[in-house]
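Paired with subunit B in one complex and with subunit C in the other, subunit A is shared by the two complexes that follow.
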Partner chain A sequence: MVIISAFLSFCVFGGSLILSSLKSGLNSLQARLGADIVAVPDEAAKNKDLEAILIQGKTGYFYMDRSNIDNIAKIEGVEAVSPQYFLATVSEGCCSMPVQVIGFEPETDFSVKPWIQKSYKNNIELDDVLVGANINTQVGDDLMFYGHNCKVAARLETTGTELDNAVYTNADTIKVLMAAAKEKGIELLAKNDPDTLISSVLIKVKEGHDPQKIAGEINVHYKNVSAVQTQSMISGIAKSLGGISEVVQILMWVVRILSLGIMIAAFAMITNERKQEFAVLRAIGATRGKLAGIILSESFITGLLGGVLGVALACLLILPFGGVIEQKTSLPYLLPNIGSAALAVLTAIATSAVAGPVAAVFSAVKISKIDTSLILRSN
Partner chain B sequence: MILKAEGISKRFLRNTSTSNFSYAVNKTDIILSAGKLTAVIGKSGSGKSTFLSMLAGLLVPTEGKVFYDDKDIYALKDKDLSKLRNKEVGIIPQGQAYLPSLTVLENVMLPCRMYASKGEEEKTRQKALELLESLDIATLANVYPSELSGGECRRLSIARAFIRETGIILADEPTADLDEENTEIVLKALRSAADKNKTVLLVTHEKDALTYADDIYNMKSGTLSKQ
Partner chain C sequence: MFKKAKTVTSILQTLFSVAIALGVMFVFHACPAHEDGSYMSCHNAQLAVFAVGLGLSVVSVAGVFVKSSAAKKIISVLIALAAAVGAYIPQGIIKLCMMNTMRCHSVMRPAVIVLSIILIIISVVDFVLNLKKEEN
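This part shows the complex of A and B:
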């Protein structure tokens, strides 16, 4: 009995834990991007991974001329612009998988810096890199990119996205790396001077101006540049999360109803087996109400115990596998803060504790109508 | 305490050749008075247990009334009847009857605990131990009833029926699985309860038992006749 209700709360709590983790991952993403519009080269806008490259740090690169920065900055309603540089690479030093190196201009940046400053307050010097939480190196280690040595200046805090697998550095350093990549024959860089290239421009819009209009303006005036609103990118992710959360929610309801059914049947069976006990109680003076009360309070305790057990089990099983979930859903995954986690724990336990008596109501009513004489007659 | 039954019947649904119900007990009267041990004998299936349950306030008769002194017990609310049962009736059921999660001692103390007033726990425990002693199962006080033999179980039921010192004792074949020595112990206990001015009804097969009885009735297909 305890096991059934443990299973119930395991599913309910586990489900909501995963959902709220995905949601808080998404929130951190939104808060962290900070830009209203991102301008990228036209050919990049056609890439279906664009969103993932821009917000989630998926590996990928594209380039356009840096003159676009000034052009965009001149548009009415643009408050701030800052370029970013992307370079995908394999470093023998740390990682078996390709790493996205993201370069930004500390002087103009408003997107990455606030986050980075939580882990690293100093200036980023030439050849310094900051590594995402999942990159397996220590501060002070050397990392080699395209044959060029960089020094790890800091490790960044976890975001729950693939950004944790990225490496950050300033514009000067990434230009050196891009030059090194050109030497190694990276095709996209071959025709141009790395000094004149950028990958994207992050755009912040002034209060009171419509990001959609500005994006439209950029798209019309600059042939090779495509402007994308971050709002639409994030809501794209949110939509797929919404789909998943619907499925999970439906599954959770199925589990709830199923386990309630099982619990009703199990209580009925157990009560039937204990008929004789209840007959004895009745014979020595227990009222019908008291018999029902015994069943209900026992089922409450059962539910409570099961709830605690199930939640404990869910924590034990789900917490260590955040990474797997993130990979399987390819959605950002970040555990919710203590407050909402505690709320989820309490809700799950309470649900289970209430489900016990609810499932036992049938048995309680039945036992209160027990024909005592029938049972006391003989075995 | 005078226990009086007036024309009580119990009808059960059952398909027979003539109708779709049958009477386990049919329009039966009895008066049991304090200080008397009354015995009821009869073949298996003649309605003895059904009759006893109706007297105990556990089974509502299809017709007729049961009075304790002058109180019509089936006119009472469940709450009041339950309390009355606790206070006035000690039942020794035919089958094995105990709570498996409680020890023998706790099972015996149960009727006192059910409507307990404070500070009586120790007195109850003392009394329960004495009863177990008199029934020769004191050594089993702290074991769980599932370990008991049939006869030991029966003695547990007897101790539990005696502990409240109720005015009425209803015993349904209390000596069924006891040896001669213990049969005598139990019958003597019932006899001495009657001698203490209690109203005692004994349903039995045991011919020996009849020597202890003041009145003897014979039950035959649901009707009583005095012997």
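This part shows the complex of A and C:
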């Protein structure tokens, strides 16, 4: 019975933990972007990898003229604009893989700085880089790009999105990295001067203005620029999340019903086997209520024990493998905050603890009506 | 009752030790080799965990056949300590690869930690059972 209860709470807690982590990941992605619209070069907007580059941290680059920043800033309803410059690095030597280096303007930025961990308060100097939470390095460590050493000035908070894999720095460091790339013989990147070119413009829309209208205005007036609403980029992810969420919820209900059915049958069998014991108790003076109480309290303790065991198992088997779940679902995955997690733990344990007595009610009623003399005589 | 439970815990210790040793090589292994055949540093962590797993397997197999309760207790403590060291090797003692999304971070390390924690719990139970036997 403890194993069945543990299975029930494992599924209830595990399912709700995965679902709430996926939901937190989606919310985090929305908050992480910070912008309502992203303007990119027209040819980049036609690229099917655009979303992957912008919101999943996939390495890639495209460039447009820097004058677009001022043009977009002039549009009515635009509250703030901040350019970004993409530089994809190559895998170098042991233990590294290509990362997206994103150049940003600390003066205008509203997308990266809010995610810098609170410990960092200095300005971003030359050769300083801010690293996403997935990059396995500490503040003060050196990171090498194109043979040039950069210092890790800060780590960004975990967002549960692929943007955790990117590295952020200012325009001066980007220039140094491009010079380093040129020295390494990567001419293509070295031609794109960050003084005259940018990759994207993040746009924040004033309250009361319609982002769709502003995006439309940019698309109509600036032929070489394409504005994409971040909401529309996220909607694809939200759709996938909706599908997964539905399947997990159906499975959780199937597990609940099956567990309850098995527990009812198991309690009926157990009480049937203990009929004689209950008959003796009844004969020595135990009331009908007392017999029912014994069964109900035993089932409650069994459910509670199973609930705690199931939650402990789920913590052990699901929490450490968040990275695998994120990779397999290709969805943002961020563990919920302590409050939500504690609520999920309590819900799972309570479900299991209540399921025990609920499943045992039939047996308790049945045993409270036993005919003592008949049972004792039959043996 | 105690004898049966202790045999079960000893067998479980052996199973989980073997699971660590073989699993880290064939199931939840570290990142694969580069195209040029060179390995990343996580490969060294994998080999170190394999060595610890091998040691754990030998000691836990010995634990199944040892009869002395004092020796069994020492074996349980040894297994628990070695499992803790094994869990600490990836990233704690030997640094893993650059990105937390790489296989060594997302698969090997959590799997080694989970198996080690289970092994530590089993060893604690085994130790307590041996204590109880002594009291009896």
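Going forward, the second predicted complex is superposed on the first by the 337 of 379 C-alpha atoms of A that agree within 3 Å, B and C clash if a C-alpha of one lies under 4 Å from a C-alpha of the other, contacts with A are read in each partner's own complex, and residues count from 1 in each chain.
Simple rule for what comes next: a residue touches a chain if its C-beta (ideal position, glycine included) is under 8 Å from a C-beta of that chain, and two chains touch if they have at least 3 such contacts.
In this text the structure is predicted, and so the values were computed from the model without any measurement.
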(request) In the superposition on subunit A, see if there is space for subunit B and subunit C together, and answer fit or clash. (result) fit
(message) According to the stated criteria, A:D371 is in contact with first (subunit B), second (subunit C), both, or neither; which is it?
(response) first
(message) With both complexes overlaid on chain A, does A:N136 touch subunit B (first), subunit C (second), both or neither?
(response) second
(request) Rounded to a multiple of 10, tell me what angle the C-alpha centres of subunit B and subunit C make at the one for subunit A, in degrees. (result) 60
(request) Return first, second, both or neither, reflecting whether A:G285 touches subunit B, subunit C, both chains, or no partner chain. (result) first
(request) Kindly classify A:M269 by the partners it touches after superposition: subunit B alone (first), subunit C alone (second), both, or neither? (result) neither
(request) Answer with first, second, both or neither: which of subunit B and subunit C does A:I257 touch in the superposed model? (result) neither
(message) With both complexes superposed on chain A, which partner does A:N165 reach: first (subunit B), second (subunit C), both or neither?
(response) second
(request) Identify the partner contact of A:E277: answer first if only subunit B is touched, second if only subunit C is, both if each is, neither if none is. (result) first
(request) Once the structures are superposed on A, label A:L126 by its partner contacts, choosing first (subunit B), second (subunit C), both or neither. (result) neither
(request) Would you give the minimum C-alpha distance from subunit B to subunit C, in Å, for the three-chain superposition? (result) 14
(request) Starting from the residues of subunit A touching subunit B, keep only those that also touch subunit C in the other complex, and list them. (result) none
(request) Report the residues of subunit A in contact with subunit B in the complex, numbered from low to high. (result) 276-277, 279-290, 371-373, 375-379
(request) Within their complex, state which residues of subunit A touch subunit C. (result) 94-97, 99, 133-137, 164-165, 316-317, 320-321, 323-324, 326-327
(request) Name, in rising order, each residue of subunit C that touches subunit A in their complex. (result) 38, 40-42, 91, 95-102, 105-107, 109-111, 113-114, 117-118
(request) Within their complex, state which residues of subunit B touch subunit A. (result) 49-50, 53-54, 56, 58-59, 78-79, 82-83, 85-87, 91, 93-100, 110-111, 114-115, 160, 172
